[in-house]
Amino acid sequence: MNLTHPFRDPDGDKLREECGVFGVIGAREAVNIAALGLHALQHRGQEAVGISTYDGREFYSRRGLGHVAQVFSEKDLGETLPGEMASGHVRYSTTGGSGLRNVQPLFADLSTGGFSIAHNGNISNAASLRRELVRRGAIFQSTSDTEVIIHLVATSRYPTLLDRFVDALRMVEGAYSLICMTDQGMIACRDPLGIRPLVMGRLGDATVFASETVALDVVGAEFVRSIEPGELVQVDHKGTVSSHRPFGNISPRPCIFEHVYFSRPDSVMDGRSVYSVRKQIGVELAKESGVDADIVIPVPDSGVPAAIGYAQESGIPFELGIIRSHYVGRTFITPSEGARHAGVKRKHNANRAIVEGKRIILIDDSIVRGTTSMKIVDMMRDAGAAEVHMRIASPPTGHSCFYGVDTPERSKLLAANMDTAAMGAFIKADSLAFVTIDGLYRAVGAAGRNNACPQFCDACFTGEYPTSLTDLADRETPDLLTLPVNKVA
Amino acid sequence: MNLTHPFRDPDGDKLREECGVFGVIGAREAVNIAALGLHALQHRGQEAVGISTYDGREFYSRRGLGHVAQVFSEKDLGETLPGEMASGHVRYSTTGGSGLRNVQPLFADLSTGGFSIAHNGNISNAASLRRELVRRGAIFQSTSDTEVIIHLVATSRYPTLLDRFVDALRMVEGAYSLICMTDQGMIACRDPLGIRPLVMGRLGDATVFASETVALDVVGAEFVRSIEPGELVQVDHKGTVSSHRPFGNISPRPCIFEHVYFSRPDSVMDGRSVYSVRKQIGVELAKESGVDADIVIPVPDSGVPAAIGYAQESGIPFELGIIRSHYVGRTFITPSEGARHAGVKRKHNANRAIVEGKRIILIDDSIVRGTTSMKIVDMMRDAGAAEVHMRIASPPTGHSCFYGVDTPERSKLLAANMDTAAMGAFIKADSLAFVTIDGLYRAVGAAGRNNACPQFCDACFTGEYPTSLTDLADRETPDLLTLPVNKVA
Amino acid sequence: MNLTHPFRDPDGDKLREECGVFGVIGAREAVNIAALGLHALQHRGQEAVGISTYDGREFYSRRGLGHVAQVFSEKDLGETLPGEMASGHVRYSTTGGSGLRNVQPLFADLSTGGFSIAHNGNISNAASLRRELVRRGAIFQSTSDTEVIIHLVATSRYPTLLDRFVDALRMVEGAYSLICMTDQGMIACRDPLGIRPLVMGRLGDATVFASETVALDVVGAEFVRSIEPGELVQVDHKGTVSSHRPFGNISPRPCIFEHVYFSRPDSVMDGRSVYSVRKQIGVELAKESGVDADIVIPVPDSGVPAAIGYAQESGIPFELGIIRSHYVGRTFITPSEGARHAGVKRKHNANRAIVEGKRIILIDDSIVRGTTSMKIVDMMRDAGAAEVHMRIASPPTGHSCFYGVDTPERSKLLAANMDTAAMGAFIKADSLAFVTIDGLYRAVGAAGRNNACPQFCDACFTGEYPTSLTDLADRETPDLLTLPVNKVA
Amino acid sequence: MNLTHPFRDPDGDKLREECGVFGVIGAREAVNIAALGLHALQHRGQEAVGISTYDGREFYSRRGLGHVAQVFSEKDLGETLPGEMASGHVRYSTTGGSGLRNVQPLFADLSTGGFSIAHNGNISNAASLRRELVRRGAIFQSTSDTEVIIHLVATSRYPTLLDRFVDALRMVEGAYSLICMTDQGMIACRDPLGIRPLVMGRLGDATVFASETVALDVVGAEFVRSIEPGELVQVDHKGTVSSHRPFGNISPRPCIFEHVYFSRPDSVMDGRSVYSVRKQIGVELAKESGVDADIVIPVPDSGVPAAIGYAQESGIPFELGIIRSHYVGRTFITPSEGARHAGVKRKHNANRAIVEGKRIILIDDSIVRGTTSMKIVDMMRDAGAAEVHMRIASPPTGHSCFYGVDTPERSKLLAANMDTAAMGAFIKADSLAFVTIDGLYRAVGAAGRNNACPQFCDACFTGEYPTSLTDLADRETPDLLTLPVNKVA
């Protein structure tokens, strides 16, 4: 009998993308396009959203907690957020904690004029840079790693904003796809490794930037190209686009997990359909670890494409053996750690009539802590499944991400603590298999992983981090989250 | 280029179930169970929700606009809504208009004590009954048809609450699944034709009632049985269950559209898995109107089971050619008529990589106004589809419902205005076919429709209404919605 | 050292008027006039406010908790509450408890059309009438005594609204000044004894009704006359005024406490300036119980006029020895019993520079529980007063009011428990004196109290209630406040 | 007939003090004391309020729009704002505009630790200092002049916080009474001229600072002494108090208008009772410009003490000829310019019964624009006054204040545009007189104004500003209010 609170038990057992960014310049009522674009990126961050605009004279902004459609709900957005240039941000609370002051875009009045910044990624030396900036007299408004970039720009000795901006970026390490606004126009850039995605599109005379192509589709823009790793693109108010490459040539390492889970299936990432890659992972899984069974069941919704691929490759029928409620976001509601447990059933319910008496293959995208998988296996058995075989559309996740994905500390990752056999026993499946790292690389179109020079950032699977991790190494440097700041009550 | 507001253009081109009801008696912190149960029924009504409880001494209630998880969000629900008996309601605004005063459960202090009522369905002689009650001195609090039942109970000459209640029900026509609470316990009942569903379950020592079995699953209750058409079940505080049959024997006519669209696929309705019925409709469709094509694409999410059935029967691969955003409810947001148009794309986006160059079969559950279908066909062509064949998992919807489903007036129903060929031309599909009425009956397990004595209410397809429609016939009787009431500003 | 909460300790040691009413018919944007008029009556009720309007077709209403200026704050009131007829109400929570559903005007759809009612006073047989109405099938929306009148009107057998209304009033006992609206126009009436005040004014072509003349002044209306005790005045939409006297001749007994405390000093009550009466009470006090002292200090603000009168009569200088904060309402904030204690100082602070070393005469309007008086005497001594003589501008309040004034139960009234000497000792004054009942009658212009047939209702001083007190006598009849109603959580 | 909105027409024709500050260190649940103290200072700023606390480990803060009792209304303040040190601020919107980010205390994380600041006054070279700070890389969070001080502290080259703070203060010009908090304790200081007040008190073991003595009274603290002009007082967590005098000897020039209007009458300012000074101004007025009349009427409430003094000196009776509603703050509601006009009557109503047929002397504290005076004279005549003689308890206000008082620009000050005779004609009084500047100095205890070296800042009357006005002089320096900042929508 249920005596616990009905809505206080979400079990957020997923890795979470922390942010999405969107920008548009050269469009009437740019705010409306930005809101629609951010709505299409809502899966990248559901805790908070902000939009800044510029109308040729002044900057305007609104930032709020909640979904895009809640914070930007009124009819006449264009009156309160006027202008033909707008940029926005959706976020989770990774670095910096919850709270309105960390919601982006951040804004500052610099001596060069107003400056707004929206950031997808994570600066891995933010705490040590901040310590030095404060020593020199900087006053921080937020606990966000992104604010470090603004202060570096503000205190740079270079005369122009663009030079100052590049000067600042040379000092930061980590992952960043940025959309900035000045009174001169918009700047979009991507870190030298291109860890986080960023694409450019065209909407009539306007230029659009977004984390994923789906946002271009939804606002009606055409895809132009990806911003290259290490590239900085400037667009002025006349629509002139110029490209800069301040970092020289570095082999890119885009995040492979974007393909596995973060991105929307209807996005095209680095030239490949996310949906097709996920189906192909299912195909690889079926080849690598086939099993005799009656039906293939996806864990909705992220497991669906891989399950379709698995079913087509194996010839075993695809069935909706788990029904997902439409009335919750992914697998969780709130950003607080305490609220992640239990509650699986109000999101996922067994379709008993289908499952009963069947040998089933369950397809999920990943295993993080393993608690959700355990509950779903259990739910399938309760519904009468004869056998439950779990297949996972990514390799074991054994390492934390420091590039903008909300991962538990390593000790809480199931794959950091046990091998696949033990994991299978832990979740009580009849069998468990993960796609291999090479299978995953094949699914994204490579011949396999180039271990000498990996084509992607796959640190969460392999532990091979493509940048140094300054803050982590420096035991003297406090975590941003524990800085002695003012608590807003 | 988009100059319209990004979130003001939903296109609610679906029939909408108006209500779900849930009740539990004999459980500690009953409100928590009720909130969870209503959450599982959220698809039946997303505009407003209410829960009433009784703690042995007093009745408590909270009613609010929004989703269950919004209105009942706090930790300590059990303190503000105490007691071991609770009933609740989720709703759209059909009869009675929007506004908090129409949110159920309704409550009244009768001479027999407190009386709370939650109603799924619609009383088709409510306006004429109301006119007479007001003439005799009754004062209405709401514009809800349900309040008519309360006043009939209040003014009945019978001495006991149960007799008064039956006396009242004998006067009403239409569809009603009711969950009532008195200080003696809970009463659940279903109209003589059983138009709306109602099931009973068991959760430890507690008795549970719900519109669908999925709510039993989610709260962890076992399914006991359906409440029979015309049956009235009483449960007292000791858990004693008694059944009454005040209406004699009438052939039941449950709503067939519950199978096609309203109910959740993981519910079991009158002994049949809703998911399996929908898959079977897809099978019937494939048999009745097969077409040569490359892929089968569901219009998500309601078209998915039929599409799986169609794909399995036809051997044509099932693919997710349309991706649905998780951040909107079914196909609309707000209950106002004006807000239903446009906005298809922010809910549904073409998965271009899959669709491009293909001959596709689109499977949807129904066509109401046809505007959404037209936009989706258009979106598929924009994404490069070579041919678009639309198959619909229900017969043409040519008649309005007066039993608790929000349908446009008949003149706005596409099928009331043109034949299938014209409809196909209207939505610009290469071909269009609907499952036949006999195909639909076969999918739900009959040999076909018994035209002499139809097994279901299928008035929306056939125009054969199983009750008289008093209010509709009586030109003197004003619509409840146009009663000269007090506007709350 | 202060460890208690700074704003949770108001000490509401005053009698409180429960209501003010205002109506206007025949004016453009009547709601604006009503809001302004109610603002001028805010001292009569600070917990909640409501306004209803009628625009020739429909009734509109808004009711809210808080002050007039909070609930009716927006620019375009005339759009949401349109029409040339408006009536409104400010209230405390006497009969019926707090909660929005008890906020007036109440509204009902009767068979004769819409009916709105605003009531100042209290029906002393409401509970027994309600019991009978519920027995006959009436369903109450509120726990307000006023709703009884509506149900009596609704169920009356007379054909016209006016006859039904008079029929209803014949059944009720107690105090009522009513402003009602129907689609025919406005009805204002005063109970046969005229216990509560009601005046009529003229604003251009419009007719205005209000509890006090100050509301006429503030909206710019001219005073026409008082509504007579037992008079019922009808005004139709053409402005035709007709007067009715359904109750025959009864000697009036208006409330004398309106002069002492409730009414605003700039009102004229039954032909006498409230300010002048209060000054005159001070004069009587100085004559009856003069004392040698250095300065006369009012307890602000209600004691100011009497203190001016006392000072002028006695020749002792008037000084502001107590300063009152502008940032609290009278002597309390919230309507809950628990919140009435302590906190005197944040409302009243000693003006130490004036008080120190002086023999002072403190003038207050009344003593209810005595707790405030005790604290103020104490505060004066802390500030260095050499002697503290308390003079009270009303006789000892030894009886509860059942006519619409919020009085504690009798056992908590200080004067019900001890004589003047003991009261003086309790509040620790060097001397204490009250004006005599005859002194009070002289101040309002009589030769003295006519004990055979008192000119006023002075039951709070004398215990002589001018009506029967049915509910009080009937031990079977529950208090309205304890009715088994639905708790809104 | 009234067709304008009832609550949108306040006529803020008064000078407004912009701020009050309060601090306490060494007391349990310091926040409760701070909230109560700020409530006692509410008359100094009604738009917004903030409190910061420190619990030995972290700083906490809450800032909000509205009154103290609204923003700090909950029971358990001590839980969300813990600690034994608290400081707070009430404000109007002078420099910096409205908006939450300008609400104080401001907070910054400096390299020396957390630093919080609350400021009463105005920095008259803030804009030029800000321009230079931004040039050097400072990023401002607010448009408040106070934030300049924080950045000067942050970028000072001195090693200790105290040295940095003094270094910063040496750079600023203007008026400042400051209460700062660091992890070492509290710092209170007053600018070298002592323009704004600041007092110190003792509450058990705790030390208290406040703008006025009334706040000490209300929290139950004893007055210890005023902070001297140019003095900086430090209190550590053990309660050790140390005094510093970093600015050398300068003749003080405290604001004389604090006596005339800003301070509460029960405060003692620089050793003199504010109430007694105001009465004495009335006495001086009666001597300087007596007139034959029937009654003396104060414009409530600020004119009351001077009217009592005038009445006592002249022998003409003091009467409440104008009644003030309790339900508005001073003479206005909202901080926006547009909302200041009209609406006099809903705040002040003529007490017609007293005024009619009388020759009256009206006593008010000051004339700013003259619009209110004109309306009040008009209201008195409407009420039947035979003659209206206006006497003003301050000299003509002909100059703007740049030290923290919200004055209209000079061109809108009536006294900057006409002489007394013309002003009398403008407001339509039978006669008008102001107290002379020497009369005012006599009332505050001097023999008269020392023109060579004035004892007070009386710039608003004389135009003699005691500091240079850098921002005003520098045409290159933009007003803080027009800085190109981010508009929060």
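We call the chains A, B, C and D, going by the order they appear; numbering starts again at 1 in every chain.
The rule we apply is simple: contacts are C-beta pairs under 8 Å (C-beta built on N, C-alpha and C of every residue); 3 or more make two chains touch, one makes a residue touch a chain.
Here is each chain with its UniProt name: A, B, C, D = Amidophosphoribosyltransferase.
What you are looking at is a predicted structure, and each value in this text was computed from that prediction instead of being measured.
In this assembly, A is the chain whose CA centroid lies farthest from the centroid of subunit C. Averaging C-alpha coordinates per chain places the centre of subunit B 62 Å away from that of subunit D. Chain centres here are Cα averages; for subunit C and subunit D they lie 36 Å apart. With centres set at the average Cα position, the gap from subunit A to subunit D is 51 Å. The residues of subunit C never reach two or more other chains; the list is empty. Interchain contacts close the chains into one ring where each touches exactly two others, per the touch definition above. Here subunit B touches subunit A in the complex through residues 1-8, 27-29, 32-33, 35-36, 39-40, 42-43, 46, 67-69, 72-73, 75, 77, 203-204, 206, 214, 217-220, 264-266, 268, 273, 275-276, 301, 304-305, 308, 312, 317-320, 323, 325-330, 333, 345-346, 349-354, going by the rule given at the top.
Chain contact summary for the complex, subunit C toward subunit B: residues 52, 57-62, 80-81, 107-111, 113-114, 116, 134-141, 150-151, 154-156, 483-489.
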